[in-house]
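Note that the chains take the letters A, B, C and D in the order they are written out, and that residue 1 is the start of every chain.
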Amino acid sequence: MLVDLISGLFIGAGGLFVLIGALGIIRLPDVFSRMQSVSLIETVGAGLLCMGFIVKVGFSLVGLKLILLLTIIFFLGPVVTHAVAQAALAAGVKPLLVHDRRSAATKADAQPVSASVDKIKTPNVKASVKKALPKSGSKKADI
Amino acid sequence: MEILVDAVLLTLLVVITLAILFQRNLFAVVLLAGAYSFLMASIMLVLDAVDVAMTEAAVGAGISTALFLATLYLTHGKEYLQPNFKFQSILVVVLAGGMLIWGMWDMPEFGVMQAPLHENTAPGYLDASKNHLMPPNVVTAVLADYRSFDTLGETTVIFTAGIGVLLILRGRKKPKKSKNKAENSHET
Amino acid sequence: MYLFATIAILIAMCCAVARAVVGPNIFDRMLAANTIGSLAVLLLVCFGFLMGRPEWLDIALTYGLLNTAATLTVLKYYRHGDLSVDADHEKGADDAG
Amino acid sequence: MIDFGEILLKYNAIVTVFLMVTSLYIVIAKGNMIKKLVGLSLFQTSVYLLYLSPAKIVGGTAPIIADAIMVYSNPLPHVLILTAIVVGVATLALGLALVVRIQDAYGTIEEDEIFRAEGDA
């Protein structure tokens, strides 16, 4: 009974964190900040979920597998996000700092073109149609 | 519950397929194909095909992606521009799709136990696994025992494909890359 | 609770797919593809418990490893334009070009 | 009023047909060889789905025998598809090798450019 309660709490919290991370994936403005919410899913979300299941099954083969899985996700997720960040930086994607956001916002105010930072939709679609393949430089297209 | 999860995953699959259709950057196409494979493997798991899901994840998301990337490297993966809308193709495709839907509409409903498919041979294999000295995994039992010659033939197919890739790529200028590719296809 | 977790993961998967489809540049897609893989692992675990047979966690392990390997392969290809390059031997070589 | 229950029960078949049709369109209408091969592998995957959907029994579990479980899904399509996947990746490798040779011979992997080169020759 207590076990059920504890594991339920863990799993619920994990689901909540996964949801928050998902919100971040669609709402945050650029790659680097999205990376942060992805790692939220991969560490806290996955960790809490696996914790809950481990508490539920106790010490058994399934529990052992869950521990292995938790280890893998917990350590390899940040490795992957780090690699993505490194590759993005090497390809010339600049992080969108607060200071940049302000200037982008004022620029958007100055120009009638809707390049507002909050509405990431329109620039996104445009940039993806325009197909910004690797070659840096053109990364200015988004936001 | 299974039906709901299944339906959501299938919808995501449709979305990704449409994205692949309209995407012009080959690199992004390969990435999306990898995501498609993961989703498809999840669907296979929901459909209770555990072994198939594992194979699909390994082959679709792992080896296929590596093969596509190797080919992109060798062919420089340029973007391409061409007229998008081809009337004849769309006509053919819509006709084929309509006929398929028409033909499949009479099939038994999803997940019904009384479908003819489930009543003839499958219970025999399940019983054999349950009562005789067969491994508990029925798929393994069928694959490695009842039809092991078939599996041998399958291995032969992979071998032949590896030899074929080697022969096709033999006379190239950069032998290093072709060897790399052949190894990739060999690992299956 | 299992149900809630499963639905949360499905919703997160929808968001990741949306990001993979819309994503302005290639790294967004890459990140989204990796997220889809991780979420598939979590979905697999939750779904196993939901259906009462949590034995196929081996497959989840396979997924997790493959997901990482695939993403790193793609990144390596993207960064160096080649899969067989030795990254340690070209320190400082800026091939971002 | 649309009957959503029936749609949900037919949803697998509908999506399977849609995937088949879309990937068939990619194969026959897109000019780039690599994209054609991506379409071909998507087509194969939708065929897997075509085989695996009827094998599922709602309420059943995967065909791995355990005590106290009565209903299993049908294992035979799984066996067929397991073979098909492996053969599929062999086909894919061969096709990609051919694409590499085509690039060597023509300098392009666009279908129309290859046709043009052939017509001139």
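Quick note on the criterion: contacts are C-beta pairs under 8 Å (C-beta built on N, C-alpha and C of every residue); 3 or more make two chains touch, one makes a residue touch a chain.
All values derive from a computational prediction rather than experimental measurement.
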*Using the touch definition up top, find the fewest steps from chain C to chain D.*
1
*Pair of chains ranked first by number of touching C-beta pairs*: B-D
*Taking each chain's centre as its mean C-alpha position, how far apart are chain A and chain C in Å?*
11
*Could you tell me the distance, in whole angstrom, between the mean C-alpha positions of chain A and chain B?*
28
*Whole-Å gap between the CA centroids of chain B and chain C*: 18
_Using the touch definition from the top, which residues of chain A touch two or more other chains?_
133-134
*What are the residue numbers in chain B that touch two or more other chains?*
2, 25, 27, 30, 50, 70, 72
*Of all residues in chain C, which are in touch with two or more distinct other chains?*
14, 18, 26, 30, 32, 51, 55-56, 58, 67, 78
*Touch list for chain C against partner chain B, complex*: 3, 6, 10, 13-14, 17-18, 20-21, 26, 29-30, 32-33, 36-37, 40, 43-44, 47, 50-51, 56, 58-59, 62-63, 66-67, 69-70, 73-74, 77-78, 81-84
*State the interface residues of chain A toward chain C in the complex, per the touch definition above.*
7-8, 11-12, 14-16, 18-19, 21-23, 25-26, 31, 34-35, 38, 41-42, 45-46, 49-50, 52-53, 56-57, 62, 65-66, 68-69, 72-73, 76-77, 79-81, 83-84, 86-88, 90-93, 121, 123-125, 127-128, 132-136, 139, 141-143
*chain A-facing residues of chain C, complex*: 1-2, 4-5, 7-9, 11-12, 14-16, 18-19, 22-28, 30-32, 34-35, 38-39, 41-42, 45-46, 49, 54-55, 57-58, 60-61, 64-65, 67-68, 71-72, 75, 78-79, 94-97
*In the complex formed with chain C, which residues of chain D make contact?*
61-62, 64, 66, 69
*chain B touches which residues of chain D in the complex?*
8-26, 28-32, 34-35, 37-39, 41-42, 45, 48-49, 52-66, 71-79, 81-83, 85-94, 96-101, 103-104, 109-110, 112
